[in-house]
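The chains carry the letters A, B, C and D, assigned in the order they are written, with residues numbered from 1 in each.
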Amino acid sequence: MSLFLREALREFWRGSLSKLGVIFLSIVIIVSFYTTTTMPLDYGTRFWSNPVFWVNNPKAAPPEWVNTFVSPKLLEHKVLSTSLPASVDAVEGSILKRYSVSYKLGVEQFPQFFNLEVSNLTYHEAPPTLILSILKPDGYSIDLYTFIVERPFENESIPFIRYTLEPKRVLLSGEVQVARALSNFISARYGELLSPSQIIDIGYEQIIFGERSALKSFTPLKGTYTLTLTLASRNPNDNIGSCRFILGGQVYGLMGTDLLGRDLFSGLLFGFPVALLIGFATSVITTALGAGLGIMSGYIGGRIDDLIQRFSDIVNNFPQLPLLIFLTFIFGGKLWVIVLVLVAFGWPGLTIIVRSMVLSVKGAPFVESALAVGASRLRIMGRHIFPQVAPFILSQLIFYTPSAILSEAALSFLGLGDPTIPTWGQILEYGFRNGAVYLGYWWWILPPGLLIIYSAITFVFIAMGLEPVVNPRLRRWR
Amino acid sequence: MPYLEVSDLHLYYETVRGIVRAVDGVEFMLEKGEALGLVGESGCGKSSTANALLRLLPKNYIEYRGHIILGRHDLMNLSDDEFREQIRWKRISMIFQGAMNSLNPVLRVGFQVAEPLMIHRNLNKEEALRKASELFKLVGLPSELVDRYPHELSGGMKQRVVISMALVLNPELIILDEPTSALDVSIQAQIMNLLKTLKNELGITMVFITHDIALASDLSDKVAVMYAGQIVELGFIEDVLHKPLHPYSQKLVASVPLLKGNKKPEFIPGAPPDLVAPPHGCRFAPRCPFIKEKCMVDPPSSHLVGGGYVKCWLYE
Amino acid sequence: MESIIELDNIRTHFQIYKSLFKTVTVKAVDGVSLRINKGETVSIVGESGSGKTTLGRTAVKLVEPISGKLIFEGKDITHLRKNLKSFRRKAQIIFQDPFMSLNPYMTVSQIIEEPLIIHGVPREDRPSIIERALQDVRLMPVEEFKMKYPHMLSGGQRQRVGIARAIVLEPIFLVADEPVSMIDASSRAEILLLFEALQKKYKMAVMYITHDLATAKYFSDYIAVMYLGRIVEYGPTLEVLQNPIHPYTRMLIDVVPDLDPQNRFIQRNVIPGEPPSPINPPVGCGFKSRCPLGGECPNDAPQMREIAEGHMVACHRGW
Amino acid sequence: MGLGKTLAVRGLTLIAVLFCVLLLTVAVIGATGVSDRILNAMLNERLRGIRQVLSTQITDPDELNRAIEAIEDDLIHSYGLDQPWYVRMPSMLARIIILDLGNARTIQTFTGSRLVSDIILERLPNTILIMITVLIINFLVGLIIGVKSATRPGSLLDRFISIYSSISYAIPTWWLGLLMILVFSFYFRLFPFGGMFSAPPPTELIPRLLDLIWHAAMPIITLVIALSGSWIYITRSVVITTAQEDFVTVARAKGLSERLVMWRYIIRVAAPPILTNLMLGLAAYLGGAILTETVFSWPGMGLLYYHAIVSIDEALILALTYIFTLIYVISRFLLEVFYVILDPRVRYG
């Protein structure tokens, strides 16, 4: 047997497709392993489907590397953070701690949005005030936003700590206060009076990061901006744990973002173990069930055979996709439901083939001669029949894997996927439903599809490599 | 001048293991109306010789040469299209091994018999089918069977259909490639009787290929014993059966179990050589009881004896 | 002589599913009585469809007869289900197809070892027994053949492995089901001679199933001619061949070509037509419709009658 | 005999399939309580209608309520809502078969009907149009290219076909559709993004037809590309296997031209197994059609399915599952008929 196995492996390894398949599979496994160890298992519910988590990301932004190909260059997404004050001043009994970062605008583009996040703020006496201001490259400065930290609760003990679990998040692009500040700035700078609604029309970012070129039109002002968050308080021990300035870009990360600003790279990464799980779980259960029933049906025969045969014949003639849709719809798109439904329709094909193989082997003279020698049923099954069908079953196991992956993707694409787990199919569904193809968001459409193909073709290649091992007629023995 | 003269016929083809020299310098001649029995073990190149005569070459062939002179013309000089249009079935037809596989399962047998008439003689379908049903009678089949499909006929009937198909254009030469090996003994005898009748009444020249030399004697005037791609002995049936010259022919004759008579059959120890790398000298040398030093080195040339020849160093 | 196996009026029928609602009965063996003594070979001669293979399988209990008795070494084993092992050890079968009768996933030594494992031969004794079996069938050098897989062997070599497996337990009864029909004519004699030597060595009772009267002549003591599930003629080999009574036997003898250059000038005496189907055999004598003797026969099935010492024939008219 | 009987047996098997699917769906919606929801929705609709009618006749609100309650009890009984689901099964089966499943939740026909049966009957021809076109194109493409590559095994075309077929097995049809839209509609502006006609649709016959073809082109091309790979490959292998049969050699020996040998002795004999594979692939065609319609907003049953899922319309999904099974079973049967005609051997079985 071991000699046989060695020969079979050599035969398998001879094909170039099998080598490619093995390399592809190793990559899938390594990435899946990396993903499951570095990403939380509840990534789907905790992060992926939680819009707040993605609020600082640009929406529907292509990947950063497109800048290699386009001109003019697109603005990159920037997250600037600091936790130490740049300067500390005492003015009229107040302590002013200034936390500042500098932001260099290098391209002719405006940032898409401007967010501020403050976390772990500690104070000891009166609630401090936070002031956000910006110093433009042309020397002008604007105080954009001011707010006072929530006062202590009853019975709260010193020190009072705020924004620990969730940071204080200010989406500046939506704040009316900012409009007022900008209106003031424009009248001071250009001597023009604009109402807050006119400011909103022009866009905050245009005014903050731009220069006026016409009455209501601004062009980007390149150069270095200094963003400062000032903590004004009574107590010198008051401080901010960290503050982050988010300047929304037009490109993001390795794979870009979707309409909710989700980082597609992380979603795509998480899809690897899921695809592997669905593919393997489905194909292993399906092959075990299908082959088991087939062997039983072929070997035991009689009424059980009749029953299994009729049943598998009927189920085999079911139109798969409509029933898959129906059942996942009724039972709800949970991962295990999808797997079970795929199993329910996948087994009969294998049962029918394995049964006929067992039947033909069962009548083969070498089985008859084992019978004539007095071999027990168990021995005949294990030693004579099973080895004949085992390679075929293995190759079917591998061949069924891509079809399970593809079926899950199709169900997900129809909106029947498991909402708690991001999969490539679901990413595509969300993209399709939000018009990604009509808007040309290629980075949202191509990578998930290519990954589905990649994972499926991995197994197709391996299955094709196994073909000469399984099918003795293709074997080149001598 | 013999009617059919084959000389220096070669057919090599390429496999993963190397070049198979299936037909390696075959030569024989035949008078009109004679039958030649081509006898040998399986894998000795009998069927390849038959296919080479009709230019039915495998896709992976790499060498096909020699002379096939039928009547006066060397068929090797014809182009593929000329050969197809002038020779195939019109002058040389063939009965293949295994009648069950020789018939197209989705066409009625009568049509398959009549088809060459429609193609080579431009007969219309009715006339051709009428001719086919006449032929059915000739080979001992009820003529209403023309409307049947192959799977509705028994093995013996199919073999008769195949024979009638070979006769349809009145060919001068019929090649029979183990025409009865898949049949039961009684059906085999029926078919052999039929072939004898056809040979005597129609005067067709035949090349009869079989592994059974006793069966060959049922039809052949001459026998050619083939071994490892070559004919090692050719002679009249009387001579070969009674006084085989080549040691291989002697063994082959001795291996036949006889129903009448009382000699125990013998066998030839060892196995025939691999046609990818046949022995250098005489190809039978490794199994030959009379082996001499010379046999291992030089291939024996044809030595003319009686009406034929033998390739053996014993007769130099 | 000591009788090894006796078949008494054995009938083996099969049900074949034609369609969902229709089954037909194939009367493969339909009333056969036969006895094989120690050290004797009985040839079962017949054409395809005569039931000879089924008879062989029935004799080694690979199929169950629907009626009749199977007596092995004096004991009725017709309905023996359990304790078959001791019978299996003593009765073996060799199959026609040398390519399908060996498990392609086992080496030669594993194939021959299997019967030893099943019948509890101690592990340490097995190598020498395997070696002896391989020597018996002349697969030498033994060490080289032991490790080979069936696909590495020629047809003749495979058949010898099959024989080695069958004789490794030293059976007293052996069924050889057309053991040489798929082997080249020139090596047939080799296998059959080997077979004969082994039979003598182990004093086996052999049922040699064949369609070839010529080999039957050399390798058997008795011949039984089967037609449509029944034995129509039985007797000592030479007696049957020299003095055939049944018209079917006569035809079988007539159609075998001998090495005679005059063959091509004579028409063989062959009965036209083909045997009827065993699904719906004719009533009475199965040969009635083709019989060259013609005339009227009674409608009942002809019984076996002894017409000479040990020579039986089932024919209403035959002599 | 033969022909009719063989077909009757096959037909019975397929009817059994249809019946089993129906039984399965009914049992599932019954056991999960979905059928209660569907029937209740139908009931409430009927009651609303009745209330409107009655309120014009009966003015006293108490009397009205009493009358309606009586009718409601009647209806509950007639819908079988007072009984467990397995007792209702036969009537539910009957409802599905005649598509009497009340109104769809949000979808309606172009004429405004919201009846499930009206909606489905309006969409059905559009789906069948796509499916049959693709089936025919693929059949021809598979035959022509498959045969061509089979005549030259190992050639460039042949190697391309085997790679193409393994890749096309791994490409989701619907994703290919998205890709096509992205490339040919968004970037090159060659084809419409979707739909069946331009808005407003041309009124004259010829422009209307051309408009239809323009719109149908991309879904059809997508399906052909996605499904033809394995199909060509199978055709190729069947043709290669058949070409090795002895009767092909016999045909050559008979002096037939290569062309005749190919058509009469290879393709004609290979046709039944090729057709068998077409039958086996039918489910893939149906599935492909469902998804492709969704991608290309082709107003057929597939798109309807998608909308029904998105708007969580149980009755419509149930009806569509049934109709898709029906389409599958009918097309399967038609192929069986072809098969029996093509292969004389199965006529006697």
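Just so it is clear, a contact is a pair of C-beta atoms (placed from the backbone, for glycine too) under 8 Å apart; a residue touches a chain by one contact, two chains touch by 3 or more.
As the structure is a prediction and not an experimental result, all values here were calculated from the model.
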Next on the checklist: Spelling it out: a chain qualifies if it touches chain C and also touches chain D; which chains qualify?
Outcome noted: A, B
Checklist entry - Which chain lies at the heart of the structure, taking centres as C-alpha averages? => result D
Checklist outcome for this item: Rounded to the nearest Å, the gap between Cα centres of chain A and chain C is 70
Next on the checklist: Rounded to a whole Å, what is the gap between the Cα centroids of chain B and chain D?
Outcome noted: 56
Item to check | Computed distance of Cα centres, chain D from chain A, in Å | outcome: 32
Next on the checklist: If I count partner chains per residue in chain D, which residues reach a count of at least 2?
Outcome noted: none
Checklist outcome for this item: Check: chain C positions touching at least 2 other chains come out as none
Checklist outcome for this item: Per the touch rule, the chain B residues reaching chain C in their complex are 35, 41-42, 140, 154, 156, 184-190, 192-193, 196-197, 211-215, 217-221, 236-238, 241-242, 251-253, 255-261, 264-269, 271
Checklist outcome for this item: The chain D residues in contact with chain A across the complex are 13-14, 16-17, 20-21, 24-25, 28-29, 32, 34, 166-167, 169-172, 174-175, 178-179, 181-182, 185-187, 193, 282-283, 286-287, 290-291, 294-295, 305-306, 309-310, 314, 317-318, 320-321, 324-325, 327-329, 332
Next on the checklist: Which stretch or stretches of chain D touch chain B in the complex?
Outcome noted: 245-247, 249-257, 260, 264-265, 268-269, 272, 342-345, 348
Item to check | chain A-touching residues of chain C, taken from the complex the two chains share | outcome: 57, 60, 62, 84-85, 88-89, 91-93, 95-97, 100-107, 114-115, 118-119, 147, 149, 151-152, 162, 165-166, 169
Next on the checklist: Taking the touch rule as given, give the residues of chain C at its contact with chain B in the complex, in rising order.
Outcome noted: 47-48, 154, 156, 184-190, 192-193, 211-215, 217-218, 241, 251-261, 263-264, 267-268, 270-272, 274
